[in-house]
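The next part holds the structures, each set out as structure tokens.
Each of the two complexes below includes chain A, the first together with chain B, the second together with chain C.
Moving on to the complex of A and B:
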């Protein structure tokens, strides 16, 4: 054997890394350079100024939508995972378990198409409410705006977060939870005060991953909501396809990097803490 | 009193479960209804005329949908081949060999998934355009493979990590070469995890929209792009049928993933 194990290892990893470098690191640096320079050359923040002038409301819109979606996803996942772990009615737990994972691997674009029909003014949701007598036909409104985007994100991401959370809850020491119940705490209190603090790291990681995912999705805001206001992903696509304006599009891209960097710091801190512990 | 309270609680729980089921299943039912609605307009709450006309249109051998399905499956198969070719050696090195800054390598493979991808794809498209490969299947496969690599590498590393080292040592002791040990002991034992990662990559590629939207247009029309075009063109029937075609593998995978990914492998993913 003429090469060391370390060289062999690097040799085996190299082709994969080359692909990541060519299709991620290189375009990433491309986007940073394009955002921070003038077309003629020289460093400038012009692209950011233009991006802010044109799209400051969409930046706010994006942040609000993604945060709200994460919040609702987290709440729904806690309710589902909590019921799965602490539920006592076997029939209800079984039904919930069979149901909640369905959207897990459904592509965003399919979820968007589902919601486009379901949440429309004459969609199945409004029609069902009218048929049940909960609403007059004239009161029906379309939800295909920011509410539709949030609904689609929550619908699609909740199973993922709930799955990770339920896994973490199932791994907890049952005895502590039983002890809490025996001391007379309600199940809600056991969940909120005993169980959740122990699985907070897993919940946070799942929500951070969902946060970045939602910032990357192009199909949902394009298909579910109308043109204005919209999310930064749609603005980027528009800048490129309509004007070939890479500078502004890349400046918007840098804004999305910064947003997800904030979330990723939480994720990495968690990773470091785990590395340190083991 | 106690019995009344507990049956009230059960009724409330059942009610909440029904609401949950409605929210969860409703959008899928609406999709299914649109796929068989030949005519559906207000004020009718359900389709006026049901029929399979649009299914026949979609599944006509010469139709756009069959061509898109073919393109999608072909791209997904090529993506799996590329991803596994790169990730089997990488996964083995990450799991078994002494690698400096291993954690950094793991994170490098994660990066394409951890960044908002639209800004990356527009620049990939720009680079590919300069190279003259924009709008080719090859370009789309590269983008899908880079995106799926985190799954295939991480799961392959976990699968190799879960293989019992003693079995490899036993093979070495009775005289097998390192390469023979790998191909006749390690790889077969890690195969279920690697197959699972391949299915994962296949599905990711089948469902991928954003990258194809920037890199594949206008020549490469995969199913998600066909769905998008049909939906934006107002053809709800074709959009819904395409969505249903994409739904089938996703749901099957959700139901069977636990068979492929054993708990001991799953616990090691990303570790």
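Moving on to the complex of A and C:
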């Protein structure tokens, strides 16, 4: 008996498919079912109603935090990647190149712990400002709230986006950029008007991946900020840990799926467009 | 021949191992100090008295969530022959639930020291009769900690505190209800103070319509929160007090004294138990119904609730109020150590303003009402 090309292909992808089914699709459908059923059985939206009643402001908070973090991450990454590609001061480019990837290797929870001591009212940052005479001790404010979460996310995700973006920028045809420079455009203008439009797809993909990552982080909101308002991951953990209330936690999970699905659609559309083009 | 050697040595190994392989698994809900108590103090003492036994201490996390994890584990292992835990240290709410579901063993008749704990807490856990299933490990109490340099005359009631917070925005801090029990206790105290019939909440009977009376109290708490700082946990509140970022916050009395003794809080910090009162609670020693080492577990709890250990460990070392009746500690403890427990909160204040938590169904209503009407 011989196996056809087609069957062989199926056989080859089978282990991967089985893994996805067992470790992702099965738990996913399990949590979907739990979100849409009553504990006694029967389909209902009770869990969603409860999730909305208790956590509607946290849902908004989560979206705002993650979107704002994406925005700032994008800006910071553009500045870093732009400097790396178009920078002319060798010393600055070299230092930046050596430094900017470091946060990639630091886990979220460690970053959160560092931020806790760095951003506190009498933490390292404010104390340094006071010591430098830039600020009076009484003016110090704590950044351990939504600002702290955004700062941690941006610090942690910028290198990832900058890495992808710098790679894309380096692959550009230098001739177009140099032509712009020759015609008298400033470096900023070359970056914004010539380079960035060409690498928009890569930037968008990197930001979509960051969006989904930040949506799922539990340690940072838990450690950096107090619990009101907080991100959905903390609420999910609380529902399960304090009450064993899996239905509401899963309903919150479905809300998170929907948010990340929005991002995933952008990602897939980009992928499709690219495949169509080649 | 070689096979024989391996077989005999294996057999010898198996024969020899039971002597050294007895492990007593102790699971504690609560903050790190609870885990440390078993790991650093009680465990080594028990191991010394019972050679060959190893005490393994695991923490399941602060607040009722920690007890919930123990409950889930025992519930999941209901069908198996034995559970992973031999001794559990749990909160009142979970104790009531576990007794109702038959997950705990009725063991106190086999432990002599059970007779030394005769208080209400040994029988009643938030409205559930738990006599026979638990011995209190300790009693603890929440109170407001304040920085005496920043607050000359601390508020004496919840109403005064609300006024004070309005005049001193962001100077009062607590951890909400998701980061440990000191925040939960503050919220319960708030409902006792402003929600109407507090006695009914503590003693029952449960009436599902009662929660409708709390709307005003919750609305006021929401306004109060706008002027308060939300801290990341029991320890988070103490941290911020220590750094001078807040001036008043609810804390566990025992943690407060321990932190002060360790130099993690400045000496100008004081405690105030405001009226009409804030809740406190015991932690319970219990044995799961399916524990594989019941005899050993009973011996462990007998040691833990003996007057000497209660005096040295619970009172002197960790600053908790004893779990067994105080009169049994006479002669085991010098007066200075005993008086230290009552430095800021006098026994009279404790008697009048130290309250239990509400009975379990009201308790759940308060927490859910808080999430719905205050936090959201």
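Just so it is clear, the second predicted complex is superposed on the first by the 261 of 278 C-alpha atoms of A that agree within 3 Å, B and C clash if a C-alpha of one lies under 4 Å from a C-alpha of the other, contacts with A are read in each partner's own complex, and residues count from 1 in each chain.
Here is the rule we go by: contacts are C-beta pairs under 8 Å (C-beta built on N, C-alpha and C of every residue); 3 or more make two chains touch, one makes a residue touch a chain.
Since we're looking at a predicted model, the values are computed, not measured.
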{"item": "Room on chain A for both chain B and chain C (clash or fit)", "value": "fit"}
{"item": "Chain B versus chain C as contact partner of A:24, first or second or both or neither", "value": "first"}
{"item": "Partner chain in contact with A:230 - chain B first, chain C second, else both or neither", "value": "second"}
{"item": "First, second, both or neither for A:243, with chain B first and chain C second", "value": "second"}
{"item": "Partner chain in contact with A:3 - chain B first, chain C second, else both or neither", "value": "neither"}
{"item": "Which of chain B and chain C A:122 touches, first, second, both or neither", "value": "both"}
{"item": "Which superposed partner A:216 touches (first chain B, second chain C, both, neither)", "value": "first"}
{"item": "Which of chain B and chain C A:53 touches, first, second, both or neither", "value": "second"}
{"item": "Partner chain(s) touched by A:179 [first = chain B, second = chain C, both, neither]", "value": "neither"}
{"item": "Comparison of chain B and chain C by chain A residues contacted", "value": "B"}
{"item": "Overlay on chain A, chain C to chain B nearest C-alpha distance, Å", "value": "5"}
{"item": "Intersection of chain A interface sets (partners chain B, chain C)", "value": "122, 222-223"}
{"item": "Residues of chain A that touch chain B when the two form their complex", "value": "5-6, 8-10, 12-13, 15-17, 19-20, 22-28, 30-31, 34, 89, 92, 95-96, 99-118, 122-125, 127-128, 130-131, 137, 155, 212, 215-219, 222-223, 233, 236-237, 240, 246, 249-250, 252-254, 256-257, 259-260, 264, 267, 275"}
{"item": "Contact footprint of chain A on chain C as seen in their complex", "value": "61, 63-65, 68-69, 71-72, 175-179, 225, 229-232, 236, 240, 243-245, 367-368, 371-372, 375-376"}
{"item": "Interface residues, chain B side, partner chain A - complex", "value": "10, 13-14, 17, 20-31, 33-34, 42-43, 45-46, 85-87, 89-90, 92-94, 97-100, 103, 105, 108-109, 111-127, 142-143, 145-146, 149, 153, 203, 206-207, 209-210, 213-214, 224, 227-228, 231-232, 236, 239-240, 243, 246-247, 250-251, 253-254"}
{"item": "Residues of chain A defined as touching chain C within the complex", "value": "53-58, 120-122, 142, 144, 222-230, 234, 238, 241-244"}
